[in-house]
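Same chain, two partners: subunit A is paired with subunit B first, then with subunit C.
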Partner chain A sequence: MKHLKATTFLIAAAFAGQALAQEAGGRLDIVVQPEPPGLMLGLVQNGPTQLVAGDIYEGLLRYTTDLEPEPGLAKSWDISEDGLTYTFHLNEGVKWHDGEPFTSADVVFSADVFLRETHARLRASLAYVDTITAPDDLTVVFKLKEPFGPFISVFEVGTMPMIPKHIYEGTDYATNEMNATPIGTGPFKFDKWEKGSFIHLVKNEDYYVDGLPHLDEVYYRVIPDAASRAVAFETGEVDVLPGGSVENWDVARLTEMDGVCSTGSGWEFFAPLAWMWLNNREGPTSDVRFRQAIMYAMDREFVRDVVWNGFGKIPTGPVASVTNFYSDGVTQYDYNPDKAKALLDEMGYDGETVRLLPLPYGETWQRWAEAVRQNLSEVGINVEIDSTDVAGWNEKTSQWDYDMAFTYLYQYGDPALGVSRNYTADRIQKGSPWNNVEGYENPELDAKWAAAAVMADPEARQDAYDEIQKEIVDDVPVAWLLELEFPTIYRCNVHDLVTTGIGLNDGIRNAWIEQ
Partner chain B sequence: MAVLAPILGRLAKALITLLAIAVLNFFLIHAAPGDPAVVLAGEAGAADEQMIAQLRERFGLDQSFHVQLGSYVWNIVQLDFGYSFRQGAPVLDLILERLPATLILTLTAFVISLTLGIALGVAASARVGKASDSVLTTLALLFYATPLYWAALMAVLVFSVELGWLPGFGYETVGAGYSGLARIWDVIKHLILPASTLGLFFMAVYMRMTRASMLEVAQMDFVKTARAKGLSGPVIRRRHILRNAILPVVTLAGLQAGQLVGGAVLTETVFAWPGIGRLMFESLAARDYNTILGVFLVSAAMVIVFNILTDLVYRLVDPRIGARA
Partner chain C sequence: MIRRFASNKGAVIGVLILLIVIGLALSADLLFPRGPWAMVQRPFLVPFTMDGFPLGTDTLGRDVAAGLVHGARVSLLVGLVSTIVALAIGVPLGAVAGFYGGWADEGAMRFTEFFQTIPNFALAIVLVAILEPTLTSITSAIAIVSWPPVARLVRAEVMAVKRREYVDAARLAGLSNFRILTGEVLPNTVSPIIVMASLMVATAILLESSLSFLGLGDPNAMSWGYMIGAARTVIRSAWWLSFFPGVAILVTVLALNLIGEGLNDALNPHLSRKGTA
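Up next is the complex of A and B:
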């Protein structure tokens, strides 16, 4: 087993040209699970779609594992001092996969027309944008209404993929026939999709970066059973298991095999944070003492070490430790059943049963729910597990029909993009599981979240977020469980597979196989 | 005409049954929590009201329940299975795309299990009480009792991982570019594990049923008569006993044949076989209403067709049935 910790070295090597003896050619087989519903990244943004379509489509920027922006389709950019004007200079000679040139008109169409209509997450950020203009073919200018701090983080391929204007302008996006044969600017072109079996991508010979990509072809393999996926890796059918494609006990087993490497890198931008929504509106969970008692009652380290086989980190609050503007200057909730019991006594908890909704994502999550139930029953809380399937989970959480519910959310590098949406009152909206589902209302904090989002000075933002984290952790609007780590498992002769904070979703243009 | 009349009657009944099944399916699928818009929004990792409203409008979920039901039934009557908005393709295309893989798998398993099952059942009944009979019946019991997914995983572990004899996943070597005979051989190699796993269970059932039925018929008077006439043992077994003992096996085979389209979900999942069972399961999880209703309807139609075929086979095997009707 060899952990790939030297990611920064690899990035440096990749950019220095031939520092490592990169070899061209070869084929890589990667598991994709579940099978994506579609590959048109502007229309579908679920995990499997991002994994495959990240090779086909590109964004203006990429982000290092420290979340610093680096060139993508834009070779350089300037931000005005007032934080209101973002100017991007595009790479020259970039072509769409059908041979048409990629220009600033495509950028304006993508951001201002297409994605504004189809991309809910980007739409929230675009609300801060006044105008998007193209002074010439290779320049794009975004003018903001307010200095929206995290704006530099929205140019990643999954957030703002570039869409070909010549194919989509004036059409019905959802039913455009070209959705089946996606056209992007990325290092690999779509070749074939045999439903239920595989998606085949081939090298883009006209890619604008000389010498990239190294691989000739990539197969994304659909293998629906988790145990079968582990076996497929063992037998050499597949070379790469993206994070989360096998159960945790198989991760431990597979990474001990000869010639197998793993890395936890490539998730820094997403920073998936798991928690339990605690229904703040009614029942025992509406009492802050009950919610604090839950935090003290849970042995989170046990879950990390046993259920997650040691992968992950115990969070201190709503912001993950790898996300920008994290602060650990908050109340620490250690495992302390006595304190939990005292809090329950103080509030006069009468043993009312609370329902716990696990996340229906496989064995690991089921066992996690059982561990939490056991911890809570040890301090006298009666828990009833309320199991359902994915559609049922979505329905129950988005209609607020639960007492405690497992979930995890991506943070997208910045609290204003991926954190505040779960805690401010304006995001209490039925019908979606990706907002303030717990119903936490704190007008004072709402004002602070809003102010922190539009500060131009990073130091001032850090101070504001320090304060927010300190206050919200005492309220326990949700029970923070674990900063998830999804190791990517691959054969050691595959190099430079994960080179950015977006990981495999960022396109594997740098990956090469040592023959 | 005497043969055709009852079939026409059955066909008319079958169409009414099919329509009733379609309506029932529609109620069932809408009774499950969640809908395709909620699932898609959930998967996107971000959603606002505008997105949910757009999705509902596209899926036709913004209309009242009876309007949705009415347009569904009207489409079905016109043999229009609708469009899968989730997958961006007509449902009929999705089903036809997956149908060949499933049929190859289930038909192979069907033929293997039926021929081997009957042959072994006859053999066991001829040696009733002897050691070879005990071995066969014990094996059959074992195959019958083993959960399918466990047997499948064990088959992969033994023959694919440990011994490396056979491929464990998919229906052909991905990207090998075989054609002609090489391709057929490749598919056959991929077919062996899933088809035998799926076939073992039914083989056990056919074997036990054939054996029991053979033994029962062997006690009858006409068998004694045949023996008294001086016919040899094998001839009696083949022409007198088997012919009469096969009817319950035909009934069961008819039931299995009805499941040819949708009955291999577990096998398809473990062996990553790109069949229709998986399409059904995944569409159900995603609440892809049109696709799931389409697969259900095709499956129901298959069951009805094979029930009718089974009736016809009855008449062939035992002409008295036709005469009585």
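Up next is the complex of A and C:
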């Protein structure tokens, strides 16, 4: 442990200081919604898979709720002055769940071979990587072609999970039969998956951190209906409701029960930001004054307080306040219907109907769309809500067949990883609902986004992103709605459940139950 | 006939209720000029606790009373229009089948049976889902699933009537088949059709509510079914959001059924249970 950075020691000390006497043992029941399509984290990375597989697999680093890296499978790391060489020193004595030792060869295989092929989001970052080498069994060196500021943020378990080389090397990854019984290095081992009912994980007795994990077993329970999930929590059948597993209207009722705690923390790394795509290509939404009018017309605080029960923050622009390089030195769009009307008069809006496509994720999002429609109609904008299902929403947004469309996307801790993709012209491509769907084109800003991504000096990056945010907020390429917080609801006798920036996804390692 | 109808207390009550509902629907814009979607008070306002909001407010602070009154328009409109459309399909088809017989009858009835073999509600759901939910598509879907019984009823009536002496007389007088059908036969089948139509309006209102409840309503039109569907997730903390629209549906459908029964008694004295004729 002598390689640990001073900051990490301080964090560890702080945790140790405030923690009660931790008790070992016990079983935790957690809702997983919807049922994951698979648990092999290198192949599937959707939300429910990350939630469950985050206990089985591990990444080189973990991230605090302030997005500071802390040790994971790597106990320490060095970054060269020029920002080109990242050296990781691995923990000793780490074993895969089948008993094989975990070494630097597994890291090289995971990052350079397996994930390069299967993980689209990581592949974009790996494009900056020149070589990945293993000088010895416990050291891995990433050499970059040019400095890539956000590179230190790609080692989280969902982004770069460690894959066992001895199982996957030379096989067809997608059809490897071991996908059904995943082998990782994590604090819990896969035991059993009863489809449609539960996934059972048991304690990894050989875990490399002494005394962890505290729990004996974890059940991830599949309960298809939101109301039934709420009831299951009330009756004590489950102990933890991860964010988004019950309708928002139930959150208030459940958190008021005795012995129930909740936290909005644990989403800092993802920083889900909700906005409306505004079609910049045609119709009234192609006029910047119309887009600004939308921002002034919406009572975003009302929605936060009523539809989201007070959870979340009002965003100032494209970068969420918890994401690195956030800046609030931008034009503020407060609720101001008069200003909206003035802007509409100025542009000569003729009452043309604009279509609004809600996100088909349940009642919360439907009510939200209704509130926005009402806000807009009160300043004189004619809005018609399109009804849709998930497939229809995907189709309409990826084919640009919309005027305004709800969405939310993750930011992954850094603007270059999860923000610029929605605003630069090179990401305008039909067929994906995750890129620059609004069709915003600004060559000057494109150059600034590109430059900011490869700056080695964090302060220079901050300046660059300050400037970008200031300019883009005046253009309103999309209508930023809310920094989402999905409250995790749990029984108060469960402690240390959310300790990192990805929350429950790797939280069960530290969790313990007060008997 | 009107006297016979008026002697039926239930029918009179039904007419009164329906008139009130129609009156409210027509005056919706006067009573609630800001529309049913306006967020006018704090959310989840309990009924009878604040002046001006007797029925409370919903999840977004919208006035439940405004929703009910504006929703009445959608329910009545969909009920009425879809019934008219269903009659426009069912009556001619049934009349032709019953009057001409032969292959026309065979063809028309097999076509009707094709629709009758598919459960009404399932077919309506599929149609609305394919067409995307709008008031037009919902009304059409309801009309399309409701016309087969009309066709069968009209066919049976026409077959009975066309053997009467006065039809033979008309034929001897040299009237064309079309003139006989429209001038002599159909007018004498009107009474059961009227009775059926009044009940169909009630069924259509229920169908529309069920579709909206399932989230297949027109998202831009406030309707009773939508109100109940949206209230489902908060039913344990806000009972009034589903209770009042539920009562509205119940009362309106009940009124239409009472009227239908009254009409039946008045128009078909032979079938009357009271035997007052």
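In this text, the second predicted complex is superposed on the first by the 495 of 515 C-alpha atoms of A that agree within 3 Å, B and C clash if a C-alpha of one lies under 4 Å from a C-alpha of the other, contacts with A are read in each partner's own complex, and residues count from 1 in each chain.
In this section, a contact is a pair of C-beta atoms (placed from the backbone, for glycine too) under 8 Å apart; a residue touches a chain by one contact, two chains touch by 3 or more.
The structure displayed is predicted, hence computed values, not measured ones.
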Partners on subunit A (subunit B, subunit C) - clash or fit: fit
Subunit B versus subunit C as contact partner of A:Ser398, first or second or both or neither: first
Which partner, subunit B or subunit C, touches more subunit A residues: B
Touching partner for A:Ser432 - first (subunit B), second (subunit C), both, neither: first
First, second, both or neither for A:Trp275, with subunit B first and subunit C second: neither
Partner chain(s) touched by A:Phe486 [first = subunit B, second = subunit C, both, neither]: neither
Subunit B versus subunit C as contact partner of A:Tyr423, first or second or both or neither: neither
Touched partner set for A:Trp96, first subunit B, second subunit C, both or neither: neither
Vertex subunit A angle, Cα centres of subunit C and subunit B, expressed to the nearest 10 degrees: 40
First (subunit B), second (subunit C), both or neither touched by A:Arg253: second
Which superposed partner A:Trp512 touches (first subunit B, second subunit C, both, neither): neither
Partner chain in contact with A:Phe290 - subunit B first, subunit C second, else both or neither: neither
Shortest CA-CA distance in Å separating subunit B from subunit C in the superposed model: 8
Shared contact residues on subunit A - subunit B and subunit C: 227
Subunit C-facing residues of subunit A, complex: 226-227, 247, 249-250, 253, 302, 306-307, 358, 363, 366-367, 369-371, 373-374, 377-378, 384-387
Touching residues on subunit A, where the partner in the complex is subunit B: 27, 29, 34-35, 37-38, 44-47, 120-121, 123-124, 174-175, 179-180, 194-198, 200, 217, 219, 221-225, 227-228, 231-232, 234-235, 237, 388-396, 398, 409-410, 421, 429, 431-434
Of all residues in subunit B, those that touch subunit A in their complex: 32-35, 38-52, 58, 85-89, 94, 97-98, 101, 153, 156-157, 160-161, 164, 167-171, 174-175, 268-275, 278-279, 282, 285-287
Touching residues (chain side subunit C, partner subunit A) in the complex: 37-39, 43, 59-61, 132-133, 215-216, 218-220, 230, 233-234, 236-237
